[in-house]
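Pasting the structures in now, so scroll down.
After this come two complexes, each holding subunit A, first together with subunit B and then together with subunit C.
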Partner chain A sequence: MKFQEELKESIRKALPELDVVIGWCGSFDPLHATPHFIYGEEDIEKLEISPLNVHNLATYLPGMRGKKVGVVVKGCDSRSVVELLQEKLISRDDITIFGFPCTGVIDQSKVKKAIGYVGNVQSCDMSDESLVVVVDDKPHSLKLSEVLAEKCKSCRYPDAIISDYFVGDRIAKKDPAEPNYKELEKFEKLAVSERFGYWLKELDRCIRCYACRSACPLCVCRDHCIAESRDPHWLSQENNVRDKLMFQVIHAYHMAGRCTECGECQRACPVDIPILMLKQKMNKEVLDIFNYEAGVNLKDTPPLLSFKMEEENITEKDW
Partner chain B sequence: MTLVKYLKSTDLKSWLAELAEKNSVFAPRYEGDSVIFAPFDPEQEIYTKSAATVPPKKTVFPQSEKLVDFTYHKDPENPGKTLIDGKEVLPQGTTVVFGGRPCDVRGFSMFDRVYLTKETTDIYYKARRDNTSFITIACEFTESTCFCHWVGSSPSDPIGSDVLAVPVKGGFLLTAVSARGETLLTSKLLLEGKPKVEEAEEVLDKVMENLGKAPDLSKSPGKLLEVFDNMEFWEKVSAKCISCGTCTYLCPTCYCFNITDEIQGLKGSRIRSWDNCMSALFTMEASGHNPRPTKAHRLKNRVGHKFSYYPDLHDGIISCYGCGRCIKSCPAGVDIREIVLKAIEFMPTVVEE
Partner chain C sequence: MKIGVFVCHCGSNIEATVDTATVAAAAREFPGVVFATDTMYTCSEPGQDEIVDAIKEHNLDGIVVASCSPRMHEQTFRRTVERAGLNKYLFEMANIREHVSWIGKDREANTNKAVDLVRMASEKLMNNQPLYPKKFTINKRVLIIGGGVAGIQAALDCADGGLEVVMVEKTSTIGGKMAKLDKTFPTVDCSSCILGPRMVDVAQHPNITLYAFSEIEEINGYVGNFEIKVKKKATYVDWDACTGCGICMEKCPSKKATDTFNEEIDFTKAINIPFAQAIPKKAKIDPEFCTMLKKGKCGVCAKVCPSGCIDYEMKDEFITEKVGAIVTATGFDLFDWTVYEEYGGGRYPDVITSLQYERMLSASGPTGGHIKRPSDGKEPKDVVFIQCVGSRDKSVGRPYCTGFCCMYTAKQAILTKDHLPGSQSYVFYMDIRAAGKLYDEFTRRAMEEYDTNYIRGRVSMIYPKGDKLLVRGADTLMGTQVEVDADLVVLAVGAEASKGASKLAEKLRISYDSYGFYMEGHPKLKPVETNTAGVYLAGACQGPKDIPSSVAQGSAAAAKVLGLFSKDQLESDPQVSTVDIKRCIGCGKCIQTCPFGAIKEIDFRGMIKANVIETICQGCGICTSTCPQGAVQLQHSTDNQILSEVNALCQF
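On to the complex of A and B.
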């Protein structure tokens, strides 16, 4: 990316005042990136900005309270930072935000599906519109638009909403004016039995590793999660899909009007369960009732974290 | 004389259907975008190209299993006293697992050293272990996360398997590698295997070439102990870990479990379920003290256990068979190979006086 060097320069400038800056670098193969913790000059050089930077680095912030942390954010990641600040889960004074114009990230599951087998990726060349992935000496040419993460296709915040350093040229805010819930609307039209059947089937393969929870920037109970607690003992440890669904429902409810739909829950899932939809459903309801979108305005209070005697769009009684 | 047979790919389902008459048969198949081991279903395609997303660990060591069913009731002679009737729930029947990889199946030899010792036998584990056969597919391709050859194994390692299946043109060359394996190869669907032996050897030679040279890990047990107290080292290598259980639950050699009583009214079951050393609750003591209070302590334990403590207890055998799932499926890209190599190469900074 053209502004990568500029970003390195900003980090170099800010690093002496910080304990660490979190960015991304190359990983085990050319098709993957990994979160990269920058402590000194040699780490700065490894920083890479690319459509492979899927990880939302805001996830690390609540666990690093008390440290001076720099964090590189995509537009969507910056919404998580805003939401964490709104909820006072992190302190603005402790964090330094590096933003850049994000043109979207790649969905690894889509790449896997398009190519078939990506066990041994030898190279991955990306341009603005395409990527060429070489697997076992065979090149596969893919259009970027085909393998872009769903959230990126209807992204409305490509630039970081909040930043101390912004590198590159801003991309003007994109249409649509409201979040895109077309896929969800299609799903909502199915009969209850079909929807329930869908979740029972999808969640059956859940291994209860709770990567969905751990990757979520706003799941802040961390070491005190209901999923593993025996006191209270709300979830059984039996291997039944009912408890797996129960956890997802608890997670989704706690995310209503807080979730910024970064999609980390779904991306982190090692068995590709499409659980982002559950959070989108909650957010769609919150948008309908409260006309509220999470993590876009520092001054807002998430509607379910506040109380009004009379809600404009909720009629409790007939009169 | 080793028993070798040739199975045509087109006969695979019929063969598994035959085996399913007397056994529960598990085979890898797509569920969503992931490959998991599921009960054999002739209607579904079997995936044989590469290792499954989730290994077949659950066939011998289920994600969650009932150990004991119990009921509380009052002692009629002494109403102040509560009696408990308990009955162990032992696994029944025989299982055949088709399509695991050598690294998946060899993993159980790690379990055996812990669950089947001279002093103690885990009866639940033993019942499944004794009654489960493995028809393992040797790897024709290697992945960038594969490192079986670093840890004393190979893409055609037969340890723990009953039949080794090598992909050849149009099917598999099946070799019995245990007495139980021979009994699995009696079907009339199986053809004479000898004409395919040479081709199978070529496949295996080629895959070994692709794996490249392995670094020497013989120093890892000692080197990891040397950095044991170096928390700065562990904080740095664990910084990106998000403390989920993906690495441990997808690991064919991770055998830790937790025990929970699930009670409804006067009836209940004692459950054993997978536990995960990356979780804060793993070593949480009743007093509230946790000897592994941070993710750095926990990741140190996962790496140390596999590459230092286990080999120190068990003749130098590393408790990892290099399947690479903990790397490939880690949501944060933590690479256990990188950590072990860093520990081996670690040189303490000499402070000049």
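On to the complex of A and C.
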């Protein structure tokens, strides 16, 4: 990427004041990137900015409270940072934010679907439009637009919303006013029994690995998640779809008006359950009732984290 | 746990549509239940004794009563189980009357539902814990906010009952609206003659401290131990030295100050005492009209004041008062009637409000009790009264009835005839609401003895016609249009909550309706209580009220305070939230959402944790539904207790 060197330069400048900077670098094969913890000069060199940088690095921040941390963010990731700041889960003084204009990331599930077996990846060449992956000496040419993550297609915040260092030229926001809930709206039109049936079928696959929870930057309860507690005892440890569904419903409720729709939960799911839709549903309702979107404005208080005697759009006392 | 279940017939109230014996038989099969029976009247003495005996005989350690609403008898049965030696929270009630027998006729369906409700109650009971209230001492002082007739009554009753009273009044005198009235219905006795002595009593009572021209800045604490920050607004006059002689007011050259006491029918001076009987009778400067404070020139009042009280440098002062209870008596204000374009929207000087008319009728008012048209000072002959201006009118967002306008309009019509025997009054009304002792008789007198012309209908238009006002309206009884050439139009403007009522409510942490009127604890059974312990209501702040009702509420609130203070210690309700420190991650979400400010951040071995202050918590449960990991739990309604009920009912 054009501004990769510029970004390294900024990190070099900021690093002496910081305990660590979190970015991305290459991983076990050329088709994957991995989170990268930068402590010194040699780590800076390994930094890579590419459409493979799917991970939302804001997820690390709440666990590193008290340390001086630098974090490289895509536009969507920056919303998580904003939300964490809004909720006072991290302190602005402790973090240094590096932003860049993001043109989208790849959805590995789509690549897998297009290529089939992706065992031994020998190389992966990316241009602005396409991607050539060589697997077992066989080259596969894919259009970038075909393997782009869904969320990136309708991304409204490609530039970091908040940053201390911003490298590269900003991309004008496409349509910041309207979140895209078209797929969800289609789903909402189905009968209750169909929707319920859909979730029972999808969630039956869930192995309760809790990868969705661990990947979520805003799931900050971690060891205290009620999914595994006896007091309160919301869920049993039995292997049944009832508890799996209940867990996702709880997750969605806890995320209502907080979730920034980074999609990490769904990306992390090893069995591809479309759980982002549940969170989008809650956000759509929150948008409708409170006219609020999570992680966009540092000064806002998430509507469900405040108490008002009278809500503007909820009329309890109709005359 | 060994549970006993008692299914009540409630005479035939329940038994008629619920087979209580079957419910009891079904209950015997529930986990934990070792004893179940149906009884005729569980709340009666033999009924309660049966519970006590069963606890002893079967070694029960938990009781379910399936009967009426817990609002009715939860306390009763809690005392019963306590009498038998159990903790009173090891008791659950299933409402099979209001929720079952009274709302359905199908005996079989009702019986099944009753069985479900009893199962939920016994499942919950198995998760119950004994709870113990804590005791704390109380500060037996009371704060009264607002010095209208309701506040005055509450203050005097409390003070006579031996309590120390602190009264905070926003304006520079107490008396409220009643001090502005000329005579009062239905007896037409002089308002200041009956109110004046009460005001003097407030000033002279050794137990009452009065802060006039003051406001509530901040309220902290909880029932028994509130801490109040009072803002004494700068008056620029040393009230300790001011004798109320009024020389300053006489000599002040700035004559165009807004006269709020006289409802702006005249002007007052920049330094003023609102009226001769004011309590306290002290002068204050309105800075926006004082040339000394605005431009640094003048200083006349300082020169003439014989006691040397004037202090142009005076600043607002803050005082902290500690009290154990609060009575809110902030009254009402008039609706802004100028939204009615058809009445001229405020452009015609001879269209005035009822309260302005009171000032005009009053011998101590600016006209000395002479009725004069504001436009030319002439005596009016034809006076039109229009009722329900900003009352019972959805189009202006005021659908409720103010309640006392019918009565004072009749009073004002009578007084008009007394003042001007040659005059003719017309009253446009929607309905006459004169429900009260001697009230209907009073309005009839206005019609029959005083010859007031009552026209049932709304006024559609007022416009100037020469030096008169043409009032056009409908007479819905005659089915015709009426036009009256009026010299003066008096609008019976409806009441709304006093300005700033909602802000004060938030400080008090009490609820208010969409019009700003404060919400009582229960519309029938707790008319002067609020949902915040230790905060009571009196007078029109709870909803429009005439003087007799306001006074009655003042006394009722005082009785509540005296009752509260009859003990030296209060018991806190253990049905409050507590934080499980192991589970709390210190995210602070509960702190942000608690409407009562009951949760504070604490440091626990270097970690941030939440902590509920038991005495402030009202048990609303908002924190528990906010905390993602269920670290904060409302005692007696814990997640596990609720879940056990849900699981008992919903099989998936």
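Keep in mind that, in the parts below, the second predicted complex is superposed on the first by the 317 of 319 C-alpha atoms of A that agree within 3 Å, B and C clash if a C-alpha of one lies under 4 Å from a C-alpha of the other, contacts with A are read in each partner's own complex, and residues count from 1 in each chain.
The rule is short, and it goes like this: a contact is a pair of C-beta atoms (placed from the backbone, for glycine too) under 8 Å apart; a residue touches a chain by one contact, two chains touch by 3 or more.
As the structure is a prediction and not an experimental result, all values here were calculated from the model.
Aligning the two structures on subunit A places subunit B and subunit C side by side, free of any clash.
More residues of subunit A are touched by B (comparison of subunit B with subunit C). Once the two complexes are laid over each other on the shared chain, residue contacts for A:Glu178 go to neither subunit B nor subunit C. In the superposed model, A:His32 lies in contact with subunit B only, and not with subunit C. In the superposition on chain A, contact of A:Asp169 is made with neither subunit B nor subunit C.
In the superposition on chain A, contact is made by A:Arg242 with subunit C only, not with subunit B.
Contacts of A:Leu305 after superposition on the shared chain: subunit C is touched, whereas subunit B is not. Using the contact criterion defined above for the overlaid structures, shared-chain residue A:Asp136 touches subunit B, although it does not reach subunit C.
Put simply, if you stand at the Cα centre of subunit A and look at the Cα centres of subunit B and subunit C, the angle between them is 120 degrees to the nearest 10.
When the two structures are aligned on the shared chain, A:Lys88 is found in touch with subunit C, with no touch to subunit B. Once both complexes are placed on a shared chain A, the shortest Cα to Cα gap between subunit B and subunit C comes to 5 Å. In the superposition on chain A, subunit A positions 222, 229 are in contact with subunit B in one complex as well as with subunit C in the other.
Those residues of subunit A whose C-beta lies close enough to touch subunit B in the complex are 20, 27-29, 32-37, 39, 55, 59-60, 109, 112-113, 117, 119-121, 136, 202, 204-205, 207-211, 213-215, 222-223, 228-230, 236-239, 264, 267-268, 270-274. Against subunit C, the residues of subunit A that register as touching in their complex are 87-89, 220-222, 224-226, 229, 231-234, 242, 254, 301, 304-307, 309-310, 317, 319. Residues 31-34, 36, 49-50, 53-54, 62-65, 141-146, 210, 236, 239-240, 242-246, 248-250, 258, 260, 262, 269, 271, 273-274, 276, 279-281, 327-329, 331-335 of subunit B are the ones touching subunit A in the complex.
The part of subunit C that touches subunit A in the complex is made up of residues 394, 399, 502, 505-506, 511-514, 580, 583, 585, 587-589, 592-595, 622, 626, 628-631, 633, 638-640, 643, 652.
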